[in-house]
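Heads up, the next two complexes both have chain A, just with different partners, chain B and then chain C.
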Partner chain A sequence: MIRFIIRRLLFGVLIMLAVTITVFFVTRVLTDPVKVMLPVGSSQEAYDQLEASLGLDAPLGEQFVTFIGDIVRLDFGDSYWQRLPALDLVLERIPATFQLVGAGTVLAIVLFVPLGIIASLKPGGILDRILVTISLFGVSMPQFWLGAMLIFIFSVSLGWLPTSGSGTGQHLVLPSITLALASGGRVAQITRSSMIDQLNRPYVTTLKAKGMPSRRILTHHVLRNALVPIVTLAAYEIAYALAGYAVIVETVFAWPGIGRLAIQAVTQRDIILLQAVVFVVASLVVAVNIIADVLYKAVDPRVKLT
Partner chain B sequence: MAVVAVLALVVAACGGDDAAGGGGSGGGGGDSSRLVVGTDAEPTTLDIQAIDDNGLALSTWSINEGLVDFDAEGNIEPILAAELPVIDEADPTVWHLKLREGIEFTDGTPFDAEAVKYNVERIIDPDYGSVLAEELGGLSGATVVDELNVDLTTENPDPLLINRLRRLRIVSPTAAETETYGENPVGTGPYVLGEWTRGQSLTLEANADYWGDPKPTIEEIEIRFIPDANTRISALQSGEINVAVNPPDSQIGELQEDSALKVLFVEGGESGTTRFNTELEPYDDVKFRQALNYAIDKDTMVEQLFNGLYPVQDCNVAPPGVQGHNDDLEAYPYDPDKAEELLSEVDIPDGFTIDFTGSSAVYGSDREIQETMASYWRAVGLEVETTFPEIDPYLDAVYNPELPIVYGESDQALNSLIRQIGTFLERDGPVTALGEEDQAELDPLIETVKGTLDDDERDATMQEIAQIACDEAYFVFTFFRQDIAVLDADIEYESDLGQFEKVDWHRMRING
Partner chain C sequence: MAIVEQAEVGAAAVPPPAQVRPRRGRAFVSVLFEDKLSFVSALFLLIVVVSAVFAPWVAPHSPSLVELQDRLLPPVWEGGTWSNVLGTDALGRDVLSRLIFGARNSLVIGVSVVALAGVFGTALGLIAGYRGGWVDTVIMRLADAQLAFPGLLLVIIVIGSLGPSVPVIIVVVAVYGWMIYARLARGIVLQLREELYVRAAEMSGVRAGRLMRRHLLPNLVSPLMTQSMLELARVILVEASLSYLGLGIQPPEASWGLMVSENQTYLREGWWTVFFPGIVLALTVLAVNLISSWLRVRSDPQQQQLLLARRRIRNERRTR
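Coming up: the complex of A and B.
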């Protein structure tokens, strides 16, 4: 197991390096941060001056060497616009992002996995149909609309919860529900199909024939087997949300997460900040995937980790 | 409901570990000493001299003041200066500046000639890389004469230095030396920085020792960053904030009907500056350019796209109130017949297509505006091909004078037509695309505007240039885009020209 984790970590580092290098070249070749920073109508002289002070006038190869030397020490440089170390700016946003993604995922699992299980016990039944509809709703509803609707109902009309911002538990309620409804829909669907798949397996019939009570079959055998796809999906949802999918929720609710920072960096062509964001997000995604793999082993010891 | 109840319990249990608490509920409502403002753009730094960004002014304009500034009518008045600077009689590259006495920065540093010299040198320092270096044109240095007198020098004689000086907001030399100045700005203004929680909000606190008038009456201003326009308005409607900047166009009508709110339109906003390359055929024919202006129904366009909110451009690039605005000019009326008539008199090559360079997500509803313009031109029988580059390639296009026609909007940062003259009409200007004949006609006039020390002569000449730009249709005139803010009805404020963001918080009053 330890060897496995180390191998995966090394592989993860390789991936992050590849991602970082790709972003480096793409941003420097395809965009011009200097032009975006200057007011329209600026002179060539102003352009040259700014380009030099940002270090962008050096040949690409030279810039790359400097860059590699810096990131090995985790020095991403100072954000062009904010003039502060980029890595710190990104790390500042981590707690808020974790809160949102954490709350959203916990909600999605706590609410929708049980629903998926219950529905799978009687496929085609009333509960099942209700669940399928709710899942479809959650998956199809655009988050900006859903968020705006929740704000309208619970904040403006009823005045129960704040419209936006962060800082107290109250602020977390609506954004995490919005996030949870979308991923919850998928979680419910996967849970349901995975459960149905297991319930139709021969071993279930065998166990029933042997006289094992249904409940025991469920909790001791079926659930554990059904969990693998659910863990996969949960990991995927978390990674996806951390990687910036939560940006819509973050924007609608003015939640100070990484997604919004990424958008800001792209719009302003702040390639230093963007680099730091990509790096941090890539690390989180790699970490989540490693944890998911470890969980598989815990859930199903027969799984061979390579 | 059950879901919410469960959540409330779950979240209340784990809600205690929050870091910064920037988002408390409850705005000013009824409390005349506190104001909460919702804005879309967060500043990236609070160093007002570093960068030109959308979020900066709202927060820092009241922390750092200028030597001079515009009043509500657009006239320049001295603020930190005791009088408007005067140009030296013998040497027009030297300006004599007399400073107001007895002013201190909020960190105790005296405001004096040394401080002004520090500020001037800071912004022209290429290592510091201030975006103001360009805007302040040829400011080349400052010399201390005595404690309250300083001489400013320009590279070349620049009669418009006074207008440009408005952009130079003064920072404390002591504070500016520290590395974290961008997070701890210090100035002479009516407000000081309280706290800044990135991504959430920042607070301004009234400066009890403010030297000027009127004194600030609002003790604390919280500026909340709410990027989504609908959420901002919801926050206003639910009473969480008192002022919302940039409401969604579609909701303005509804907000105007709400008696608990008032909608503030700021005059002197951005103007349409879609420019032609007047060297290429058939763009070199004035009739062609005029036809493109007659073909567009500006009133309907503004009505459909912006609920009729913005004023139509009256054949002027400078909005009313801005120096250089010519009151005698009238907008090209919507007259497709006249447009077709003019086009028939122009020598248009077979298979000719207008290559219209638009933009994508650079200005509000820009694609819609450009597609509308193109469709009006097609309606009078022209072929049009429009491209919609995003910000990077769009800026490349703007700076490329070879392109026949490029969409644009230009702001009024200098409160004077000189800004657009310098950008679009002056020989070798960064965006100028005039043919030789047209340029030659403007050359002597532009020289007068830049060189004369006589304000009246400058004004008259600028208006003459405006007239020529109108008659010769050097631009496609569309509309003036105004800044809009929505406030609680009990707030009293008269905005300066230009941008709401350059707001004077100390002039704002909440009626209890």
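Coming up: the complex of A and C.
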């Protein structure tokens, strides 16, 4: 178990290294960060000054060594626009993103696992076909549009909920529903196929033959086994939300999380802030992956972690 | 489904023939028609593709023609005019025309990304699976690492740094999509490598390149088709999301994602400016997804048997 976690940690470090090197390469080799950060029409003096202050006048190899050193010391430098330590700026945004992704994931599971179960009980039936089509539609819907439509219905027309921003529980409702509906289709699909798979196993027939009530077979045996792939999917969805979907949903609802900070860093061309954002998100994703593997083992004792 | 069932009620008195194979072209269409949902999807997609290809002739107005005196005109059934069937946006541009030109961008980027990632991914997967050894390890580790980190944030950052333009978007999104084809191709090649005919070809001295092209690749066509359709759906959504975030198609060009972000602040005054681009996008992606799952069922003999059996049971129930 411990060996497994160590191995996964090593793989995680590898991934983070790959991600940060990609960002280093893209921001320093493929583009000129100084030109990118300075306003258009700045003087050569301003250019040299900024280049020197960022340490970008050094040879690329040397820059890379300092860059890796900074990462190890968790010191990314100050954000170019906000004049504050970049890492602090990112960490400050974590609670908001966690709230959003957490609420979204819980909603997706609470709403769509039961739907998947209902669909699986009569595969090919009317209910099943309707649910499958609806979940396919859910997967096909762009989150930004879903969010905008929810704003139109519940905020603009009915006036029940705030259009955007954060602060109260009411602000969290629409963003988390948007996140949940978009991933819910996949949750329902996986639940359905996992349930169907389990329902066709011989042990179900045995239990039936022994006279166990079908409700009990379902809750005590089938559901427990069917849960395993759902745990994996949930972790997958969290990783996806952290490293992508949150950016979109947070933009739609002006939710002050990491995703919006990332977009801000991209549009302001704040490379230092950008590197900090990527580093933090990459570590979160790696952590989620490892936790998911350990959970996987907890749900299914047959799994051997190697 | 309903049409199919009705047709079968008449024929069901006679036991269904074991297997009838009509001529190929017609068979394809009739098989497609059997599944009503897939047929409607294919039809919808055809309309989108045709209007995208012939956009300048199909669109009633120029997509970037700003007419501020006509801003936020409602669709025709809400009191608008036939000149702007789906209304106009916040700058007085015709929504329908922008939808049609937006389809162009979506499809061009979608198809290019799938083609680029598909060709490179499949080639790398073929090589990894056939060569094995360290080549395999390097390629597949790279794929694993990329799959472990979901790419949208990186794609956003890379495109944001390089500056959004259509070629940049295509290349960057393709770099984040090759892994799935590589895995698929490698998996199949690993199975095929032990097949007798592959061995025979090897022994008779066929060179590796030709062997991969002539003997292995044809086996990959059908699964790759299904996968490509799934990826097309995903990539169209990615393009729309990038454009929504301001990192895709740039104004004054039209893109479905861009249309939503441009008009989101005018939701109260003109819901149609946001509703139509999103619904067309969602329906297009849904159509592609449905066709993909239809392709999967069609190309899987086991599923095919299941469908046939199910239909036969249904027929028997009806005649009883």
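Everything below uses one rule, namely that the second predicted complex is superposed on the first by the 296 of 306 C-alpha atoms of A that agree within 3 Å, B and C clash if a C-alpha of one lies under 4 Å from a C-alpha of the other, contacts with A are read in each partner's own complex, and residues count from 1 in each chain.
Quick note on the criterion: a residue touches a chain if its C-beta (ideal position, glycine included) is under 8 Å from a C-beta of that chain, and two chains touch if they have at least 3 such contacts.
These figures come from a predicted structure and were not determined experimentally.
Q: Looking at A:Gly55, would you say it contacts chain B, chain C, both, or neither? Reply first, second, both or neither.
A: Neither chain B nor chain C is touched by A:Gly55.
Q: Tell me the contact category for A:Gly69 with respect to chain B and chain C: first, second, both or neither.
A: A:Gly69: touches no partner chain.
Q: Taking the superposition as given, does A:Pro213 touch the first partner, chain B, the second, chain C, both, or neither?
A: In the superposition, A:Pro213 contacts neither chain B nor chain C.
Q: What is the contact status of A:Ile151 with respect to chain B (first) and chain C (second): first, second, both, or neither?
A: After superposing on A, A:Ile151 lies in contact with both chain B and chain C.
Q: With both complexes superposed on chain A, which partner does A:Gly125 reach: first (chain B), second (chain C), both or neither?
A: A:Gly125 contacts neither chain B nor chain C.
Q: Under the stated touch criterion, name the partner, chain B or chain C, that contacts more residues in chain A.
A: Counting contacted residues of chain A, the larger count belongs to B.
Q: Tell me which partner A:Thr251 touches in the superposition: chain B (first), chain C (second), both or neither.
A: Touch partners of A:Thr251: chain B and chain C.
Q: Is A:Pro114 touching anything from chain B or chain C once the two structures are fitted on A? First, second, both or neither.
A: Neither partner.
Q: Quick one: classify A:Thr31 as touching chain B (first), chain C (second), both or neither.
A: Both partners.
Q: Counting contacts the way the document defines them, which residues of chain A are shared by the two interfaces, the one with chain B and the one with chain C?
A: Touching chain B in the first complex and chain C in the second, residues 30-31, 36, 144, 148, 151-152, 156, 251-252, 267, 269 of chain A appear in both lists.
Q: So in the complex, the part of chain C that touches chain A is made up of which residues?
A: Touching chain A: residues 37, 145-146, 148-154, 156-158, 160-162, 233, 237, 240-241, 244-247, 257, 260-261, 264, 267-268, 271, 274-275, 277-279, 281-283, 285-286, 289-290, 293, 310 of chain C.
Q: Residue numbers of chain B touching chain A in their complex, please.
A: Going through chain B, the ones touching chain A are 3-4, 7-8, 10-12, 14-16, 18-25, 42, 44-45, 47, 50-53, 126-127, 129, 131, 133-135, 182-183, 197-201, 224-228, 230-231, 234-235, 237-238, 240, 391-392, 395-396, 398, 408, 410, 413, 419, 422-423, 429-431.
Q: What part of chain A is in contact with chain C in the complex they form?
A: Within the complex, chain A contacts chain C at residues 11, 14-15, 18-19, 22-23, 26-27, 30-31, 36, 124, 133, 136-137, 139-146, 148-149, 151-152, 156, 239-240, 242-245, 247-248, 251-252, 259, 262-263, 266-267, 269, 271, 274, 278, 281-282, 285-286, 289.
Q: Can you list the residues on chain A that touch chain B in the complex?
A: 30-32, 35-43, 46, 49-50, 52-54, 79, 81-84, 89, 92-93, 95-96, 99, 103, 106-107, 111, 144, 147-148, 151-152, 154-156, 159-160, 162-173, 176-177, 251-254, 256-257, 260-261, 264, 267-269
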